[in-house]
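Chain naming follows the written order as A, B, C and D, and within any one chain the residues start at number 1.
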Amino acid sequence: MKRLLAVALIVVSAVLFAFQAQAANEIVVGCISDLTGTYAALSKQQVDAVNMAVDELNKKGGVIGKKLRVVVEDSATSVSLATQKLERLILDQKVDFVIPPTTSSAVLAMMPVALKYNKLMMVTLAQSMKITGENRNKVTFRCFANGEITGKPQSKWMVKNLGKKYYIIGADYAWPRSTAEVYTKFLKENGAEIIGETWFPLGTKDFASYFGKIKAAKPEVLLMICAGNDAVSLVSQVKQYGLGKQMKLAADGSLVSADIIKAHGSNADGIIIADFYVSSMDTPENKVFVKNYMARYKDAPSKMALSSYEGVMWVAQAIKQAGSTDTDKLVKALEGSTYKGPQGTKKMGPDHQAALEVYMIQIANGGQYKILERAN
Amino acid sequence: MIDYLIYVILPQVLHGLVWGTVIAFIALGLTIIFGLMDIVNFAHGEYYMVGAFMGYTVMSVIPNFWIAVPVAVACVAVLGLFTEFILFRRLYGRDPIFHLLLTFGLGMMFREAAQLIWGAETKRMEVPVTATVELLGTVYPVYRLLILGIGICVILFIWYLLRYTSAGAKIRAVAQDRTMAWALGIKVPLIYTSVFVGGVALAGFAGILMSPINFVYPTMGVDVILRAFIVVVIGGLGNVMGALFASLLIGEVEALASIWISPTIAETLVFVILIITMIVRPAGLFGKAGER
Amino acid sequence: MAKLNSVSNFKKTFLVHAIILAALAVLPLFLNGYHQKLAVEAIILSVFAMSLDLVMGYAGIATFGHAAFFGIGGYAMGVMLKFLFPSIWLGLILAGFCTAILAFFIGFVSIRAKGIYFAILTLAFAEVVYRIIFHSYNTPLGGSDGLVGVPTPMLHLGLVDIDLRKTVNFYWVAVAFAYLSYLTCKLIVGSPFGSILSGIRENENRVPFLGFNVKWSKVTAFVLAGIFAGFSGAMFTAFKTYADTEQLNFLLSGKVIVMALIGGIGTLIGPMVGAVVITIFESIISTYFRAHHLIIGALFVIVVIFMPKGLFGLFARKDRNNNGS
Amino acid sequence: MFFEVKELCRSFGALQAVNNVSFTLDEGTTLSIIGPNGAGKTTLFNVITGVFPPDKGEVMFKGTHVTGMPPDKLCHRGIARSFQITNIFQGLSVFENIRLACQGRKATKRMFSHVSKLKEPMEEAERILDLLGLLDLRDWRAGTLSHGDQRYLEIGMTLAAKPSLVLFDEPTAGMTPMETKATIELIHKLKGMVTIIIIEHDINMVFAVSDRILVMDQGNVLADGLPEEVKANEAVKAAYFGEEI
């Protein structure tokens, strides 16, 4: 019986190994997403938004006469799987462009591979500054915000309206660290002062143990930089210990992103962030987008969903403009281009980073996003 | 200086105790199961997670926390009974590396199943007791003190059970020499199953107790299992007193160290303590030298 | 281990090796781009699984932190290629050097502990290494962002230079690397030192009375396994053009043990095949099934319960199998 | 002086397992150590062969101190021992067991030449297997041998290191009378070549092979002398046969 099992295992893997679908004459959109692991929730919204965009384009007869087809791969928050899947999509599935996952280290590792095969990548979730900073390359664009896009205007606004003394608390890995550097730079430029920092390990449960130090420092503003489960625990314990009474609460947008805003409930009320999109924006395109999204997925779209939707649409616009899916033509079409979408008009900067309109937003009455004013 | 003591040190010490108690819950189950059945259960943290999720599910049906707790613990016990009967029974007497591997795979299966059933987003649990209390001037939530209280009662109960009851004597007998105990008529398989189910239920209990503080998500077990293992090894595998002492030690070290040094280094400190203990006493602080 | 190697026996094994090598050399011509990439990755990982077999299969030492050496080897190669000097050879030497020191340190310190204590101690050391590199944010190692953009240099073999950027070239280099590692390990395992290791696996208490220093032998075996794991990690980084903390994670330590077990420990070739099967299996499953961790977890359970001696263990000669558990 | 033990003491908590034991040994002689169970015989062996260090006293071998020296170094100096409970490599073949022991003499640790290339240990192993009559079981797994054959293998592994002093711990335990007779012949063959110390219960065996007998009781040396003297010694009779009938 055991030998039978072993032989069966080998046969199954061989058969599956050989069976690989070949792409017909159509535009293939490769979408690699962290569908298992800590970012599963927001990754699901990424895939939903990409599918929605592709369906809408196909209803309008596709692009340059070709229908679009999406191939989704799960990179499971793993760098080696992400690069492996990218190679599979490019070499095997012959995709025309790729939407990479949310893990910054995966995107950074995928960029040289995409360059080698000269395949366009539109980053819609990862926030690391390096992607359009030191490590940027010809084929990688980003229509999502990086730390600076929101950090610069937010710092200016906060120093004016909230106060001068800041205490930063964040998760100790690359993305929060680089975002904190941006905030520190712009806060100091505007005459504010960082009076303390605490970096907690990923997956920390008990933030209360840091509150003693924070209270002793008596900052005017507590700046929080983390995401996912850490953010939920941190916000709930900040509320439990009443920190909000002694100091103002501000954060990077990810702390209260749409995938965890329900988990916060009323705990997040009062926190001030700057972000480029919330579903309650009242531009006409946004009303249509939110209606369609709610109809399909029964949930308000997050900025991750909006960004992934716009990423596909922006590349489709470039394909129409360039009249082909050839990467070099697409790069030329995208550089300096502007895209008018639910979030307003955006211009692609020389560093392949989209310049986004940013709004100051406060969380109010039980986890609703309340737009205060335009920040940049 | 005094208010530094009260405002900073005192809450830290209390956090250390609460966190130490939670780890003790899990470490107790882990070490008794190992001590008795020589089973190294790497999936023990997943029962902690399942306990929290069961609590969340029950709460969505009957919104009373204090009903959800026993129901959740019962569900975890049934799951424990099921897994012990199907899988762990095949592991007895085998090389520990196979235990690590089977439970490693089992943990992956539990996490993935939880994500399929309940979805990946973090679920929120209301804190059942929202009151806070004045302790020498510093504010401290009552719910955490409640956990501390429950923890101490459970630990005392287990200590009493092991030390003074006939069931406890049987368990200790089987731990000493299972073949002899079997020869004396003690139903060893029954003891195995009940101890495994008890240890696993304890982890589930810790899971639901902590869910209002840490909330509920599929990978919460992984964050806990490494620390629990370190505690069990420092205390000496199979040694109940050792596991208790080590849980409080680790809880306090992490809580107090994170005042002065950065928390990430405090977390690594825990591993350094393990390495130093193992060099000084390879069988753990309380473990008998050359044991296992 | 084997009976006296008579001449006919030697010819037989030489023939078998030649056939396998020929088949492997021709294989890439039938594979498209992606499958070639996967094959290279599988072959590199097979050396990693074989290195574990040196300690687990032959010396009977269970280690649960073997990924630390794989990762450190990868980072060493990454640092060499990106910052120091773009040569694969120097990268391998640096990788071997760093992993040897790390393995000696961990081995020497933990050797007093036995069995499950040793396994958990190596897990703790590997976790410390993982956290140090994970938090090395503003150093060139890049912390959790990983060491990215590692160039792929030409491989200089005396007169001929091989362009490793072409996958097929890297494939043949990987096959050569795996075969040379296999031969070296086969030599070590068949050497006098190898028989001391099997003595330690069978009955550690008797070995000192025969005149061998058990502690020294175990640490040496641990260092040798570490070096080969380091080489495998170095080639992995050279091939993938990045080094990431994921290569240090304890999940990989667990996975490599399954690779060794599914292939059959104590056979060297078993773990190599196990690594290839798991790499292919995981890449296929993750494409066609959303809950692929569930299936991989189930595979761990099935291997432990139904195939404790693995594929090759099943086919190995009955009287030859060691004590099993 | 070839081998000397001076005032050796070793206690485990309250139990004084070895109490002030002293004796000297000339090269080539065969000494038997007898005494009731728990007299401290095996503990004496364990202290001499470095399993655990003595509380007090010294062990001298060929004029140099070997007190508390670890077993592997003792083996290089030419002291080898066998075990009361069979302690062989169950999973390896009979030939591999012996060859590993032969290899230990010079602690050949070479890594890169095939073990079968070691000419000298291979021949030595063949010779010992012949001496023990185990040649035909050469490739059997040691674990599958009969109890008696495993005891022979145990003796073989002790001789494999070509020692100059051999300590046998109840070599004939569990052997059939026929096998015991063969072992006595074997020891007679070894008498000239090597100095032997045997712990033994079988009185006929003791008187058949010993040049000298040392009697131990509760950790002390009761008597030490030629077989005839010891047989006549009153204290030995009292300890062995209880009070004088």
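Of note:
Quick note on the criterion: contacts are C-beta pairs under 8 Å (C-beta built on N, C-alpha and C of every residue); 3 or more make two chains touch, one makes a residue touch a chain.
From a predicted model like this one, the values you see are computed outputs, not experimental measurements.
The chain with its C-alpha centre at the largest distance from the centre of subunit D is A. Rounded to a whole number, the gap between the C-alpha centres of subunit B and subunit C is 34 angstrom.
With centres taken as mean Cα positions, subunit B sits 36 Å from subunit A. Centre to centre, using the average C-alpha position, subunit B and subunit D are separated by 51 Å. Note: centroid distance subunit C to subunit D, computed from Cα atoms, is 43 Å. Under the contact definition stated at the top, the residues of subunit A that touch 2 or more other chains are 36, 172. Within subunit D, not a single residue touches two or more of the remaining chains. For subunit B, residues touching at least two other chains, in rising order: 112, 115, 264, 267. The set of touching chain pairs reads A-B, A-C, B-C, C-D, using the touch definition from the header.
Listing the residues of subunit C that touch subunit D in their complex gives 1, 3-5, 187-188, 190-196, 198-199, 201-203, 205-206, 208-214, 217, 319, 322-323.
Per the touch definition, subunit A reaches subunit C in the complex via residues 2-3, 5-6, 9-10, 13, 16-17, 20, 35-36, 73-74, 76, 78-81, 83-85, 87-88, 90-92, 104-105, 108-109, 111-113, 116, 128, 130, 135, 172-175, 177.
Across the interface of their complex, subunit A is touched by residues 32-35, 37-38, 41, 134-135, 137-138, 142-146, 148-149, 165, 240-242, 244-247, 277, 280-281, 283-284, 286-288, 290-293, 302, 306-307, 311, 314-315 of subunit C. Those residues of subunit B that touch subunit A in the complex are listed here as 4, 7-9, 11-12, 15, 18-19, 112, 115, 119-124, 127, 132, 139, 141, 210, 213-215, 217, 219-220, 222-223, 255, 258-259, 262-264, 267.
Residue ranges of subunit D in contact with subunit C, taken from their complex: 49, 70-72, 75-76, 80-81, 83, 87-92, 96, 99-101, 103-105, 107-116, 118, 139, 141, 143, 157, 160-161.
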